[in-house]
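The structure follows.
Labels run A, B and C following the written order; every chain starts at residue 1.
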Amino acid sequence: MFLKNAWYVACMPDELSGKPLGRKICGQAMVIYRTESKGVAALEDFCPHRGAPLSLGFVRGDTLVCGYHGLEMGCEGKTLAMPCQRVNGFPAIRSFPVIERYGFIWVWPGDPGQADPAKLYRLDWAEDPGWAYGGGLYHIKCDYRLMIDNLMDLTHETYVHADSIGQKEIDEAAPKTSASGDTVITSRFMDNISAPPFWRLALRGNGLADDVPVDRWQICRFTPPSHVMIEVGVAHAGNGGYEAPADKKAASIVVDFITPETETSIWYFWGMARNFKPDDAELTKTIREGQGKIFSEDLEMLERQQANLQAWPERALLKLNIDAGGVLSRRVIDRLLEQEGGRSQAQAERPRAKEGA
Amino acid sequence: MFLKNAWYVACMPDELSGKPLGRKICGQAMVIYRTESKGVAALEDFCPHRGAPLSLGFVRGDTLVCGYHGLEMGCEGKTLAMPCQRVNGFPAIRSFPVIERYGFIWVWPGDPGQADPAKLYRLDWAEDPGWAYGGGLYHIKCDYRLMIDNLMDLTHETYVHADSIGQKEIDEAAPKTSASGDTVITSRFMDNISAPPFWRLALRGNGLADDVPVDRWQICRFTPPSHVMIEVGVAHAGNGGYEAPADKKAASIVVDFITPETETSIWYFWGMARNFKPDDAELTKTIREGQGKIFSEDLEMLERQQANLQAWPERALLKLNIDAGGVLSRRVIDRLLEQEGGRSQAQAERPRAKEGA
Amino acid sequence: MFLKNAWYVACMPDELSGKPLGRKICGQAMVIYRTESKGVAALEDFCPHRGAPLSLGFVRGDTLVCGYHGLEMGCEGKTLAMPCQRVNGFPAIRSFPVIERYGFIWVWPGDPGQADPAKLYRLDWAEDPGWAYGGGLYHIKCDYRLMIDNLMDLTHETYVHADSIGQKEIDEAAPKTSASGDTVITSRFMDNISAPPFWRLALRGNGLADDVPVDRWQICRFTPPSHVMIEVGVAHAGNGGYEAPADKKAASIVVDFITPETETSIWYFWGMARNFKPDDAELTKTIREGQGKIFSEDLEMLERQQANLQAWPERALLKLNIDAGGVLSRRVIDRLLEQEGGRSQAQAERPRAKEGA
């Protein structure tokens, strides 16, 4: 169960270079393509002629041409032409609202009438030259909510990412979690600790000493349908931590757009935005590679967790205080699903679940 | 749903060299093998002793020996012997009528009582020294009828095979389709056009200029259960086209034997027969390689189309005039299936299908 | 259907070096690990916190630490601690009785209250310095009873292992089979024959001539749940065969522990124990490699047989006198399954099965 009336990241612009992209989003097989004059379009990946996937075709001007028999499809899902055939009576296929902004292609898999561009998640930094961004995409066979849980409880860094961003002090700092409207925030502050390897690299990248005590912070923000932005950073200890001046810290935003493919698989768009040395492309590359390696460590855990939950569907999971971020995020999703007319997720949640055991 | 009372190509002779071949045909797992004195035999691939696949065994004289415990099986499916065991009471397994002819091994998966050799498809060219043949085998995960559709509507050449045999003029020449008894013929004639790359190669192969205007033809013949023979060729323009004398044209027969493996997969035997330079083995090889590459371009399309039709089972497909060859061929199959006692395919066809939209 | 109240081989000790092992046994996903002071432990591979597989974690002292969020699990399945959380109310997970002995780790997947160490299969040779052992592990996709059948009817050696241990005389020597309590014994004696390649190697390994006539024996012993020990050997002919003095023979015990993974897959622990030249590590290695190659020849046959039986579920298999070992072994299993409260296997057996056709 996922929200359908929402903007999801469908792909990155460089995935559309040259030919149409076939991608299933929220259970819906789509073809996504860049037109000559009408921007990016998204349609059902199904030719009304004989059912061929349109993503095997090609773009000519603003028209998507089916690669099987040449049916010419318009951006709105109406057949425009077909060699030597009258096309008036051809059934239309669904088109999906699309926006290209902030370095992503976004689609709205639900009711097009509700697809208000104003509902798009705002990424101010993406349009600010003082910031730089690097990221990537992973396909993971798990329920999208397991990834939300993962990102809203960074305790796992100590275990899954022990060699890079994990450290014992994360475990020992109790998180604070709160919800406000549809937003859930869980945060952790660790003062006067030693920086783990990834943050030493970031400190050096910003021209700062990496062998002095630091104050470290993690502020995770969930917003529907499944976005998690995490402000992370370290500052030389005693300079105000999160509030420290720019020349005393290395700070960035971990970007996580989780797009359900099916009920049990996701397209995971991850990245990092930073406002230091934004023009240093080499640093962007180094950070991206480091983050890519770290985030790949979650894959096996998430896929095996998913398999376990499917094998033991009757088991109640524990919801501890460290899980509050995920628990509250799922409540937001459930409330919105009910508004959307979806079945309540209360029952999809583990039946005998305990909170705060 | 496929016809069972019919001769299907099971394999090519070189697939039987040395050891038995296990192959599923029309949903039936068979072991096919060459005996010393009784020609080729086909049996259920199931040893009556403990269920081992007989195709893991070996042939000794006219006997198929099970590779597990040595049961000796005769060509008719009766156990002949087993070391130190009395075999009188052993249950028989099914044997399938087999014919080796025209360079193929044919089996009859249905009622053996109806397996009349006279019903075998005739390939006169295969026994005529004035002709040469080269071909191959592909396994494709699609309903056999999607491949019939494909071959009975060559419009797709313009899109799927754009670099070899496709050309815009195919789209623009309306096909003529007719049925007569169980045979369906759809044909296209394109006069005074430029030859596409594959046909330039064939013209040169026949010692003809390849840079002059040509008349091109395609005459597709469907016959049950699922054979499609296509007369194709080009002649230097103005010499009568299809009727042009041999020294003005390059003509051949595209051979397509489509053998269902399951409801959603096929063994596709493809090839090309030609009556020019029949002794030029190098030319046979060149044509075979060219055709193999071209025909491999259909695989992804057919498999993805099959997946799409399974994902959207309720969708009606369009049946345009270019589809008439496939539509009429399916009608022949449906009629014969009803005669065979199979469920009518009318309902297996897309329910809200439109004809000639 | 497999017996649950029994000791099964779970793994070999070297599979536990360094990190926990995840392995499914009798349908139960387990994590098996070596503790610092409490020996080997086996638990459900499911963290009560969020369902992560504990086998992705690590061992610290006697504690298994979950690799996701650091939950600390004790050997009995009770959560011991979790950073900054009270763990009193945490639900326990199942623990499985474990014994490490005879060079294997054994688990009891059923009722722990019945897990009597005295019920462990005895391998006296494993604790006798006069013997040497070498073996390995194969994963095979078949019902564990097909492997019992295989080992209780060595007729198959003539066909499956024609190049190593098979020979025509096996076929020709009728086996004698008898049951006594839960043990089934089937044996074959072949006098004054020529030794096949594997046994020539063994004779040479024991310093004996390999080109003289030998007496050969095979005595297969099934005991529940699914162990098959086979005394095998050859002696220079005329010295008493099985009873021949040690300097006239090469004898060994083929060791087969068959541990069901699921209803249709097994962990197959195979090996060979011998009491000649026990300190010759090179000979152990040579024999192990030879046996490993021979036993790998059964894999395809067993997996394809399993697939065939699933495809033809209604077919009765023959039960000849050579099959008596497997037939009687299945009867023992069925009787014990009934005692365990399992559904009788009579119906899982092929319905129209004939005995002694």
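Note that in this section contacts are C-beta pairs under 8 Å (C-beta built on N, C-alpha and C of every residue); 3 or more make two chains touch, one makes a residue touch a chain.
No experiment lies behind these values; they were computed from the predicted model shown.
Listed by label, which chains are in contact with chain A and with chain B?
Chains in contact with chain A as well as chain B: C.
Do the two copies chain A and chain C share over half of their interface residue numbers, or under half; same or different?
Answer different: the two copies use largely distinct residue numbers here.
Indicate the whole-number Å distance between the mean C-alpha point of chain A and the mean C-alpha point of chain C.
Taking the mean C-alpha position of each chain, the two centres sit 47 Å apart.
Which residues does chain B have that touch at least 2 chains other than itself?
Correct list: empty.
In the complex, go through chain A and note every residue touching chain B.
Answer in residue numbers: 29, 45-46, 48-53, 56-57, 65-70, 82-87, 89-91.
Chain C touches which residues of chain A in the complex?
Touching chain C from chain A are residues 149, 153, 155-156, 158-160, 171-172, 174, 300-301, 304-305, 307-309, 311-312, 315-318, 320-323, 354, 357.
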